[in-house]
Amino acid sequence: MKARAMKRLLIAVLLVSWRVAAATEATPHRIVSIIPAVTEMIFAIGEGSRVIGVSSYDHFPPQVERLDRVGGLLDPNVEKILSLKPDLVIVYATQAELKARLARASIPYYSYEHRELADVMQTIRAIGARIGATPAANRLASDMEQQLDDVRRSVARLPKPKTLLVLGREPGSLRRINVSGGYGFLHDMLVTAGGANAFGDVKQQSIDATTEMILGRQPEVILELRYGERPDAAAITREIRDWDALPSLPAVRDHRVYILSGNEFVVPGPRLVDATWRFADTLHPNRH
Amino acid sequence: MLENVFVAAKRGAIVGLLGPNGSGKTTLLRLMSGTLTPDSGAITVDGRPIGAFSRLDLARRIAMVPQETHATFDFTALEIVLMGRYPHLGAFELEGADDLSIARDALAATGTAAFESRPFFTLSGGEKQRVVIASALAQASDILLLDEPTASLDLGFQLEIVDLLLRLNRNRRTTMVVSTHDLNLTASLCSELTLLFGGRVIASGPTERVLTPENIRALYHVDAEVSRHPLTRQLTVTPLGRAQ
Amino acid sequence: MTGAFGALLILMCLLAPLAGSTTISLVRAFDRSLPFADNVDAQILFIARLPRVLAAALVGASLAAAGVTFQALLRNPLAAPETLGVSMGASVGAMIAITAMPPRLVGGMSTVPLAAFAGSVAALGVVYLLSIARSRGMSTTVLLLGGVVLTTFLGAVISFVQYLSDYTQTARMVRWLMGSLDVGSYEPIGLALIPMAIAAGGYATLPRTLDLLSLGAESAASRGVDVVRSERIALVSASLSTGAAVSLAGPIGFLGIVVPHMVRLLVGADHRVVLPGAALFGASFLIGCDVIARRAFAPLELPVGIVTAIIGGPFFLWLVLRRAR
């Protein structure tokens, strides 16, 4: 009798301790990240060594060039992801099918969606907690918030020019212009850097702006973002001259049309701080 | 496909092209209308090769009634008939009062005057065919080519069309070439026949001489009796059975 | 009735520039005492709205006329300017320009519309060569089948190009494919006018022959129509005007198939009225759809293709059901 009870107790204890051990083993060490922003966050926290796979669009930091590629937002290579045997996959909120397949394979995932600037720091903290690097993550987030405050302060007393933040347009013309509306991390960066969004009243991340809409808002500055390699000076000049088709815009009249290139504008991660400084330097070049 | 074919139609005659499916009847009609050009030989109208006619001139001499006409759009019967006036009008000329009265005469001649404003696609098979014949009439040509004019029609409409064609031939002296595989239609309508089999002419001449049981067997592998019907006095073909 | 369509178009041209996603004051717009550079109302009226209304008129007229012509040529009331792959060819041209070509040519002209037009001409060439392959004349059946196959194939090419391109290029392509009448100046219109004018010259010779062709090639030939020449002119005119329209504004659907039928319901089947009528009514129709696109969700603007689909789709469905009865 007593021996049987002892055996049962032993089994129960073993089961419980196995469970506890499993829980502490939950700290992921094989992370696949389909989101370039989160990849940069993980590296910036200092845990880049735990990343074993990244998306086709990851290019920063340089270490990721050695890593396996698993596709992108629209075409994730599920087989490749599974073959890497990850213990955490960073996915985008809309990748429903990928999430379902990961769930079926019992692989945990973290779902991310980029929205506002504040969400970036919040995500850093959440990722930090998820991968068991809370102190480093919190430090990074606080540091970024501090820097953003610095930018805000440096432009605090300056007038805020009405700015058209152009995300893209048909090359060689002013057709099919896509701009940032009054919502989203790019809008927040613009405001932080001391600009007023010409489309700030329309609470959308992306707006197709027609000639009438742009003429109606008379922007004083035009900031165009480019995400790839920096075009050469001649190309930049030609693209700025495309805006000469609307000479009545204050921005064109006053020669305040700028083209900023770099993929930090499309990756809402730690480099957003640099990007915000660049906005500030472009909008208020003589503020020092 | 066609070899060594010689067909002649005298003015005012109704010539039948008789043969089984695939014997070349439609091809021959197309050659006659100018839609196809022969590899050798020539089609002539009054001794003149049709290649020497301009398209519009030829259309003023020869009109064609196809086996079926499908109107993609909702043209009225009158509009279909007025299209027959095309070869008589200048490039941007609109139909005038003359053209309208010719068109209406053609509708009357084919017994379709009542359908003038009705959409063509709402008409029955027989009515449609008569309107298309009216359209060919409005072309005011002296030669009419008809491709299986009664093939898809009910018996009653078949009789109507035969009556109509005979009447037109009598009143207007229109030369007609009719392709058909219907033996009795041929007998009742055509004064002359050309028998086609496998792209070759196997007999031609006046109907009584050509429409014989031997020739029918050669064309259709069918034993038949050809006789004058006691009531109609017309040449009538009665199929007896498959030939052995 | 053609007069009525003309009057409607004039009315639309006068009223449409008064509407937009912003509110302007006509009085201020025409105030000569204000320098143009300071007169926002004038800028919006003359730079944004007037060219846009003109573009809508030209694109609407071109697509409607092409629709009429293709329906008669192919003897199919469901034919549309998109049927033979000319529109797809323009889209492929635009895709290639967006991904692989520099933004502007040496002369300063924007490459995307030029490449789009080149693509449409290439598609026309392919389809035409296919249709004359087996016989001296043009087989409309082969034309139709060839066009459908080409459309499908080019659709796959577009997907492939999008797959290979980066984020920026894909975004640009998606926007181009949505169609836009926001031309912003008269320059792109001027360029598109060249093929449109050539097409108009072809259309002028066609109306009566389209009537006859629509009954069948043999029927038309027996009435004296030069079928080969007429079919060629019809194909080239309709393809040029489609190519010009799509190069100018991107693909805008439903108009080319639906406006011809709307006009036929009003004036009958005679192409001497339907062809010019459809051109005029197509212009008014697209101007009207564009007004809705600009105003419905102000300050935002809808792509005009959505409006033509919302109006054209149910109407087309009704047409099909009506014919089925």
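Note that the chains take the letters A, B and C in the order they are written out, and that residue 1 is the start of every chain.
Throughout what follows, contacts are C-beta pairs under 8 Å (C-beta built on N, C-alpha and C of every residue); 3 or more make two chains touch, one makes a residue touch a chain.
All of these numbers come straight from a predicted model, not from anything done at the bench.
Colleague: Indicate the lowest number of steps between subunit A and subunit B, counting one step per move to a touching chain.
Modeller: 2
Colleague: Farthest chain from subunit C, going by the mean of C-alpha atoms per chain?
Modeller: B
Colleague: Compute per-chain Cα centres, compare each with the mean of all protein Cα atoms, and return the closest chain.
Modeller: Checking distances from each chain centre to the full centroid gives C.
Colleague: So the centre of each chain is just the mean of its C-alpha atoms; given that, what is the distance between subunit A and subunit B in Å?
Modeller: 78
Colleague: Averaging over Cα atoms per chain, report the distance between subunit B and subunit C in Å.
Modeller: 43
Colleague: Could you give the separation in Å between the centres of subunit A and subunit C, each centre being the mean of its C-alpha atoms?
Modeller: It comes to 40 Å between the two C-alpha centres.
Colleague: Looking at the complex, which residues from subunit C come into contact with subunit B?
Modeller: 71-72, 75-77, 205, 208, 211-212, 214-216, 218-219, 221-226, 264, 268-270, 272
Colleague: Contact residues on subunit A for subunit C in the complex?
Modeller: Residues of subunit A touching subunit C: 57, 75, 168-176, 178, 201-202, 204, 207-208, 210-213, 215-216, 218, 226-228, 238-239, 242, 245-248, 253, 266.
Colleague: In the complex of these two chains, what residues of subunit B are touching subunit C?
Modeller: It is residues 30, 33-35, 55-56, 58-60, 62-64, 66, 69-76, 79-80, 83-84, 86-87, 91, 94, 139, 145 of subunit B that touch subunit C.
Colleague: Using the touch rule from the top, collect the residues of subunit C that touch subunit A in their complex.
Modeller: 20-22, 36-37, 40, 43-44, 47-49, 52, 97-98, 102-104, 110-112, 163, 166-168, 171-172, 175-176, 180, 182-185, 188, 294, 299-301, 303
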